[in-house]
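Here come two complexes built around chain A, the first alongside chain B, the second alongside chain C.
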Partner chain A sequence: MSALVAAISKELRLQWRSRAQWLAVFSFGASALLLFSFSVGPNYELLRGNAPGFLWLGLLLSSTLTLSETFHAEMEHRALEGLLLLPASPQALYYGKALSNFVQLTVLGAGLVPLMVVLFDAPLPRPFALLGVIALGAAGLSAPGTLYAAMTYQARSRQTLLPLLLFPLVVPVLIAAVKATSLLMLGDPMGQVRAWALLLVCFDAIHWSICGLLFGRVVED
Partner chain B sequence: MIVGRNGSGKSTLLRLVATAIRPDHGSLRVLGLDAIEEPDRVRHDVALLSHASYLYDALSALENLQVAARFLGRDAKRGALLPLLAEVTLADRADDPVSTFSAGMRKRLSLARTLLQNAQVVLLDEPYGELDPPGFRMVDRLFALLKGRGATILMATHLLDRGAALCDEGIVLDQGRLHWAGSAQHLPALGGLDPASLPNGSK
Partner chain C sequence: MTERTDPRLGANGAFGFLMFGGVLLLIGSYIGLFKAPAESFMGDVYRIMYVHVPTAWNALLAFTFAFFCALLFLLKGDFKWDSRHEAAVEVGIVLTGLLCTQGPLWAKPTWGVYWDWDPRLTTTAVMFFAFAGILALRRFVDDPVKRATWSAVATIIAYVDVPIVYFSVRWWNSLHQMQSSPETVSAPFLIPLRTNAFGVLFLMIGLIMLRTRIAALRLEHEMAPPLPERKSSPTPTLATEAAR
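For the complex of A and B:
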């Protein structure tokens, strides 16, 4: 547990020092939402109906920027190797990174919501429940994203490789997150949102447990 | 003391002992432990000063030591780590980000990080590299400090006279193989880095 606290404390410090990157990622996500709104045109009904999908696509595309840089500081002077030789637990290092990415993506998702409301004239009847769904979806993206970021970091074409590997894996998370967001925003007459949220919890549990186990093999080999 | 020409395998040998890399074949025992099967147990007792600094540029000198101290379960308070920074003459730069450090200052900080581990076996890969003459004397002093603690030190260096003054045993590597082994004091006189000049019988 102390190793996990050490890993989280390290990540928070590193994230704080690179906070300028957060603004760049948010700008990218905001630009994506703006482009989606242009692509549909001034049809508010269509925009409103597609708003949940656009929100999650914006978040997914922005997440690749955040995730692909996850191991930049670790590889610059082989700091990750230095930590493993201390020896630091690979699981603690993984969960520290994944939690840090989770926080970033949740904040990014929450930051994009007001923009979505303005651009798509989307209703927001249950903002806190929506924040919960964003957190669950962000958890589903950050766990496998962190693992794949570790696998692809040393590849020359990591910016391309990461989305190629990550996107197919997170399709179920994306579908569940879009559906739950859509039900929260546009109405849930059958009370289905709880079931979709539960599905997200299941995907999160699977990703967070399996990726944590695999990370040790990825960084040691 | 490990000597050899560039590419002779000095760093690879040290990285193998530190379990930073795995051997392709053969066995590897460190402190009586199978380093291939139990790398984590070996890592508890081995510290490596590598060519790579293992530092985070975005963090300050003190924060870098705090990160390592927390993972080691050591006291990570400022007061506990400042004396270590003073040992490598970086106490006055404790709060400056490592990105502003010169190569020599990074080497000093890496040395402090290595000392923090308090390991039984300390592996020093070119510890004098990038350092100025006062830095050379600092390494000599830290070497004596580690010896005083009872640590076993394996040092790869091209500075034969300096190494011979500090080390007891010496080996010469050539193309990844042991070419000569004997008293470190004999190395400067033997020509050191040129395997052709070494007597084969000393292996």
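For the complex of A and C:
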């Protein structure tokens, strides 16, 4: 447990020291939202209806920038080998990295919401529930994303490979998150948000456990 | 690293399976096309079912086999499971590609569109791209040990989608029909369906065996590359030693 706390604090400290990267990723997400709006033109009805999808696509595309750099520090000067020699389980390292990615993606998603409101005139009747959905979706992206980042960072063409592996896998997250966000923003007369949030919880539970179990094999071989 | 994989592994009998599967597929397709009666609502269009359904069953079976091969590789570290894993994923992708081609051909005259975003079709497309990504991963990693381990891990994660594909028509409201059973299918339809199912199954087994052999041979070559030819004088024999 102390190893996990140490890993998380190390990751968060590293992220805080490289906050210029946060700004770059946020700028990328913001420009993606801006570009999406050009695809439907200045029609506020259409923009409002598509806003949840645009938000999640922006977050998904930005996540590849964040996730692909997850193991940058560890791969320099073979620091990963040094970390693995420490008397701590690889799971602590994985959960430290995955939680740090989760925090980064949640903050990024929350940061894109005001922009979405301004650009698409999207209503925001339940902001805290929306934050919960963003957190669940960010958890769904960061668990497999961190594991795949560990693999692809050591492979050729990692910038291509990470989205190629990650995008099909997180389609359920994207569908459920877009639907839940849409229901929260545009109205939920049938009370379906809970079911979509439950789907996100199930996806997160499966992937946070499987990926944690398999991470040791990825970095130790 | 465990002992080397026998390169002949899986080659014996592969052509037998392919031929037997091909013959069964021909017989089943003949019965399905010319002997089985037309369906009461769809007419003759439904006859694509005799290849579509067996392809779907066997695609899921190929990915299930790939999952177990991946699991066994991680547990035992034997590279024969990696070769089988690679073969099963590749054959599974070919079958899913065929599935995604046959489906729209059947959908257009019956549903009015080639593609519908219903749960079964969406999850099948996701499955196709998830496993295609694993094949791409294998191409981009040069180290055989890392390639085998990482692709096995990726297969185990991607396999989560396979049960979702199977149960999607039960869990959500779907335009795609639910799984049929002998109780819901008339006997004249059942015979060609089962014949073709076994035909595609044997074809799949034959292809996996052949592809396993190719993968095992490549792996052997990678792990023990041939020594460069030596230009020096030939090794002295007993006769030349004696002559001295």
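One rule holds in what follows: the second predicted complex is superposed on the first by the 221 of 221 C-alpha atoms of A that agree within 3 Å, B and C clash if a C-alpha of one lies under 4 Å from a C-alpha of the other, contacts with A are read in each partner's own complex, and residues count from 1 in each chain.
Definition applied: a residue touches a chain if its C-beta (ideal position, glycine included) is under 8 Å from a C-beta of that chain, and two chains touch if they have at least 3 such contacts.
None of the values given here were measured: they were computed from a predicted structure.
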| item | value |
| --- | --- |
| First (chain B), second (chain C), both or neither touched by A:Tyr148 | second |
| First (chain B), second (chain C), both or neither touched by A:Leu12 | neither |
| Touching partner for A:Leu165 - first (chain B), second (chain C), both, neither | second |
| Which superposed partner A:Val40 touches (first chain B, second chain C, both, neither) | neither |
| Partner chain in contact with A:Val218 - chain B first, chain C second, else both or neither | second |
| Contacts of A:Ala79 with chain B and chain C, given as first, second, both or neither | first |
| Partner chain(s) touched by A:Leu131 [first = chain B, second = chain C, both, neither] | neither |
| A:Pro87 touches, of chain B and chain C: first, second, both or neither? | first |
| Residues on chain A lying within both footprints (that of chain B and that of chain C) | none |
| Interface residues, chain C side, partner chain A - complex | 74, 122, 126-127, 129-130, 132-134, 136-137, 140-142, 145-146, 149-150, 152-154, 156-158, 160-161, 164 |
| Partner chain A, residues of chain B touching it in the complex | 18-20, 39-40, 43-44, 46-48, 50, 52-59, 63, 67-68, 70-73, 97, 113, 117 |
| Chain B contact footprint on chain A (complex, rising order) | 2-3, 5-7, 9-10, 13-14, 17-18, 73, 76-79, 81-88, 220 |
| Residue numbers on chain A that touch chain C, as the complex places them | 144, 147-148, 151-152, 154-157, 160-161, 164-165, 167-169, 171-172, 175, 206-207, 210-211, 214, 217-218, 221 |
